[in-house]
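Read through the structures below before going on.
Each of the two complexes below includes chain A, the first together with chain B, the second together with chain C.
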Partner chain A sequence: MADLNTYLNQINDCVTKEHGKVFAELISLSEVITITTYQQQKQSFSNKIQETKYNSKLLQLKKIDQIVRKTADLDSLLQNKIHPHGTNETQRESYCDMIASRLRAITSIFDSNYDDAFNYLSESITAFIKVFEVWSSQAMWKFTYDIRIMAKLANTVESAEKKADYYEEASRILNRCFQASSTDRTTDLSQSKKKAAMGIVNQMFHIYFKLNNLKLCKNVIKAMESPLYPALESYPLGQLITYRFFVGRLAAFDGNTQKAQQDLLFSFNKCPSTGSSAKNKRLILLYLIPMQLSLCRFPKKELLLQYGLNQFVGIVEAMKTGNIKLFNQCLSTNQNYFIQKGIYLILEKLKNIVYRNLFKKIYLLNHNSRVPIQNFVIALKWAENDTVDIDEAECIISNLIYNGYIKGYVCHKVGLILSPKDPFPQIWKS
Partner chain B sequence: MMLYSGNDLNDTQNNINKRNQRFGIYSATSAASLSTSTGNQHHQTYTDSGELDWDSMTIKGTSTDLEKPYLRLTSAPDPSTVRPEPTLRKTFDHLKRHWKDKQDYTYICEQFRSMRQDMRVQNIKNQFSIDVYEAHARLAMENGDLGQFNQCQTQLFELYKIPGNKGKVAEFFAYRILYCIFQNNSTDMTKTFSELTQDLAAQECVKYALKIRAAFYDNNFIRYFKLCQSTFNMENYILDKISPRIRITALQVMTKAVRPTILLEQITPLGFANDKEAREYLEKHSFKFTDKNKTEFDTKLNHPIAMKMEQPVINVITNDKF
Partner chain C sequence: MGKGDTSITTTKPNKKFDTLDDLSKTQAKEEIEIIEDDEFEEFEDNIENQNEDQDTVKAQWEDDWDTEQIDDEFSQQLRQEIETNSAMKQ
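On to the complex of A and B.
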């Protein structure tokens, strides 16, 4: 009984003192959900310190759970024990509901009943929203993170009762959390619950990307970047890194390279390279590299190998040397990987740069500013497609001229007449 | 989306309901009780995007009318006006016959929409509904109604996901890729791409659509129009909507990059049946030829004309789900 009593006293204490950080730790389910998910997927911890920490928390939860299971009437027990100072009766009730549901969620997880666990966690959040204040923002972030990883866990397990995609369910709950923070009418934004918004929004992004429903992200961004919300820089740095990572990816999908590059570069530079962040750093790089490449900024081979992004080595090589054959090969060998990561279409656009570099080589070999189209046809037939004819070669060259990659003009059936001055301008200037 | 703005001016009952629900005033149980609704209740549930949540208001229809005009639902439907599946099957046969005889798309389209509505409010998501949606999608394409086509297509991919359902997945996936090109929407294209399985990618019609896509995005208009000559299914109907756009871009690029003149025979490959057709097109857009026979035109002179050519407007597709 002692463990449960201690736990409830801690809750009373930190709610009374409005101690957000401790409160967040007390309501956290991250440890037990993570460990269970790892067990399900036969995965192991990559970080020893984290593993030890998580396991000790798990032990603690197990002790509490033993008592909870023996308790006949959990609700009235909590009614007796939970009475933080400075709360009215309704608020106290909400705290009771929140803790009761959380304890039941833990029992369900230990029983491998993830459907129930998800529902209890969801009820716990519903109760929490009613008492959510600026001081308990960290608890809000904890809850939103937990409901996401809980949805992931519940989704991995096949069960007869499974009613829906839990990510869908989680997105509904997150929406309610976001509303709880955004409906604060306080005009002084430094005192507003809106300060909690970014932590919630980041979890929404995670889920919207999982659900492949990017339209929803845009609505949220619109709200976040309106003057009704605190300036982006005023949120905790860790959250801003995540936020700009997602916003950058969205910009990349929309073909807005410049913005994507700025957002992703910010995230990459600010993201720590130690511990569990190393994985995130690699993830940012995966989207940053295509942006940098389209601005002709080539990563060093060592960097690519260091982060295990070998898929890009060939692409970079092909771009530098104008090897369209290698470029096409790299795209098709890694097609599934690139598509799955959502960068295939972005990488494909780099082709113009490869063409430009190939054509520059042909020009240099030709020693003349008048290059017969047939020379290009031969190169393209070998490198790309046996069906390329004069018309198609002219078409490709024309596009490069039109988009400023080549200075000169095409004279039909005679050749490409290059500008005497700077026929292949630097790409990053144009 | 009004979700976060909070400045709804028209406080109709609907809006109040919506808002109550938004702020969690409705409990989950009130939504569940609606599934047994008899149709004259005014309670409605909404999805997060603010649309009516049909799944929570499923009803059983009793109507035996074969035909029914389409009306956009603003409240829970009355079961006596909704046709159950056996009636809908008769309607489907009736419509197929009607189309053969009369070829009246406006009428047929309305009838299909009311069928789709009836299926949706009754949560009919089986092989029959796939047949109806595929039929309407094809009819809509044939009649240049890409808005309706897109609604059917979107719903079809939801229906294909249900185990046991079978459909022309590859064929419609190919159309979907082409439709993304038509809409010029790279976010949708990325989404579509992420659903491209190896199985689908191996199908000829999907391969074909992917080639078209690559040619379109490279603005390789020569390859694009070469590919247009050998379609698989009904791709033509969407390609016809894309071609005018790529043709204009082609003219803009060519008049800028080619000097001093372009021959008419270089324009004909841009999807024209013959030189005559190409010439008529250029004349319609006020291109000036250099010779009497109209076989050649000056690029410097005509480039501003090409740049002034306006890209056809892409119709905005409504969110109307039926």
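On to the complex of A and C.
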């Protein structure tokens, strides 16, 4: 009994004192959900410190759960024990419901009944929303984080009766949380519940990406970046790194290279490189590299090898040398990988830069600003495709001129006549 | 996207590639199958805001680059190819 009593006293204490951080730790289910998910997927912790921390929390939860199982009437027990100061009767009731559902969710997880666990956690959140205040913003983040990873866990288990996607259900709960934070009319944004918005929105991004419903992201971004919300920089840095990672990826999908590059570079530079964050850094880099390449900012080989992104080594080399043969080869060798990561089409567009560099070489070798089209045809036949003819070569050149990669014009009789001044302008700004 | 739930990484340990040829050969041989955990892990603890170290940034990216060299291997092959073939046409 002692463990449960201690736990309930801690809840009373931190609600009374409005200790947001401690409260968030007390209602957290992340540890037990993460450990269970890892067991399901036969995955192990990459971070020893985290593993120790999570396991000790799990032990604590097991002790509490044993008492909960022996308790005949959990609700009455909580009614007796939960009395935070400064709350009215309705609020007290909500805290009781919140804790009761949370304890039941724990029991369900230990029983491998993830459908029940998901529903209990959802009820716990519903109760929490009624008492959510600015001081408990961190608990709001924790709840939304937990419902997302709970949905993931519930989705991994094949179940005959439940056909619903837990991510869909979780996204509805997240919407309610977002509402609860955004309906705060306080004009002083530093004292508004909107401070919890980014933590919630990040969970939405995770789920919308999983559901492949990216247009839903745009609405929340629009809200977040409106003047009615706190400035992005005022949120905790950890949240901002996650936020800009997703926003950057969206911009990349929309073809907004400049914005994507800025967001992803911010996330990459600010993301710590120690412990489990190294994995995040690698993931950011995976999407940042194609943006940087589009702007002709080449990752150094050491950087690629450091993060195990060997797939890009050949691409970078091919771009720099204008080696279209190598470029096509690298793209097709790693085609599945790039498609799976959703960056294949972006990489394919880099071909223009490879052509530009190849054609610049042909110009340099020619020692003259009038380059016969035949030279391009020969090069393309040799390096890319034996069927290339004059028309096709001229077409590629015209495209490069149109896109500003080359200054000059095509004259059928003479060839490519290049501008005497800066015929291959730098397409990137340093 | 979307398939990143399982986390089985079957990459071979990173090899050092001395030349580009080595790299492309190795890549062509191994059909590297990578099913990675795609998930971005959220940060539990507060992260201290550090200003980027300009040296580190410089060590990671080359951004003042342009092709001016025509003495590398590929350029030499390219030169030869153009010279042989345009000689033949004339």
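Just so it is clear, the second predicted complex is superposed on the first by the 426 of 430 C-alpha atoms of A that agree within 3 Å, B and C clash if a C-alpha of one lies under 4 Å from a C-alpha of the other, contacts with A are read in each partner's own complex, and residues count from 1 in each chain.
Please note the rule applied: a contact is a pair of C-beta atoms (placed from the backbone, for glycine too) under 8 Å apart; a residue touches a chain by one contact, two chains touch by 3 or more.
This is a predicted model, so every value here is computed, not measured.
**Student:** Have a look at chain B and chain C on chain A after the superposition and call it: clash or fit.
**Tutor:** Chain B/chain C on chain A - fit side by side.
**Student:** Scan A:Tyr344 for contacts with chain B and chain C and give back first, second, both or neither.
**Tutor:** The answer is first: A:Tyr344 touches chain B but not chain C.
**Student:** Scan A:Val414 for contacts with chain B and chain C and give back first, second, both or neither.
**Tutor:** neither
**Student:** Quick one: classify A:Ile49 as touching chain B (first), chain C (second), both or neither.
**Tutor:** neither
**Student:** Chain A residues in contact: does chain B have more, or chain C?
**Tutor:** It is C that touches the greater number of chain A residues.
**Student:** Just checking: does A:Asn175 make contact with chain B only, chain C only, both, or neither of them? Give me first, second, both or neither.
**Tutor:** Touch status of A:Asn175: first partner only.
**Student:** A:Pro299 contacts which: chain B (first), chain C (second), both, neither?
**Tutor:** second
**Student:** Per the contact definition in the header, classify A:Asn212: touching chain B only (first), chain C only (second), both, or neither.
**Tutor:** After superposition on chain A, A:Asn212 lies in contact with both partners, chain B and chain C.
**Student:** Which holds for A:Val313: it touches chain B only (first), chain C only (second), both, or neither?
**Tutor:** The second partner, chain C, only.
**Student:** For the combined three-chain view, what is the angle at the C-alpha centre of chain A formed with the C-alpha centres of chain B and chain C, to the nearest 10°?
**Tutor:** 90
**Student:** Minimum CA distance, chain B versus chain C, superposed model, integer angstrom?
**Tutor:** Taking the overlay as described at the top, chain B lies 6 Å from chain C at its nearest C-alpha.
**Student:** Shared contact residues on chain A, chain B side and chain C side combined as an intersection?
**Tutor:** 212, 340, 342
**Student:** Quick check on the complex: what are the chain C residues that touch chain A?
**Tutor:** Residues of chain C touching chain A: 1-3, 5-7, 11, 14, 16-17, 20, 23-24, 27-28, 32, 34, 37-50, 52, 57, 59-68, 70, 72, 74-75, 78-79, 81-82, 85-86, 89.
**Student:** Could you list, by residue number, the parts of chain B that touch chain A in their complex?
**Tutor:** These residues of chain B touch chain A: 1, 3-4, 6, 22-24, 48-49, 186-187, 189-191, 193-196, 198, 214, 217-223, 226, 250, 252-254, 256-263, 266, 269.
**Student:** Okay, in this complex, where on chain A does chain C touch?
**Tutor:** Residues in contact with chain C: 30, 41, 43, 145, 152, 155-156, 202, 206, 209-212, 236-239, 241-242, 245-246, 269-270, 272, 276-277, 279-280, 283, 292, 295-300, 302-303, 305, 308, 310-311, 313-314, 317, 320-323, 326, 329-330, 333-334, 337, 340-342, 357-358, 360-362, 364-365, 372, 374-375, 378-379, 382-383, 424, 426, 428, 430.
**Student:** Which residues of chain A touch chain B in the complex?
**Tutor:** 126, 129, 171-172, 175-176, 178-179, 182-183, 212, 214-216, 219, 223, 250, 253-255, 336, 339-340, 342, 344-345, 348-349, 351, 387, 389, 391-392, 394-399, 401-402, 409-412, 417
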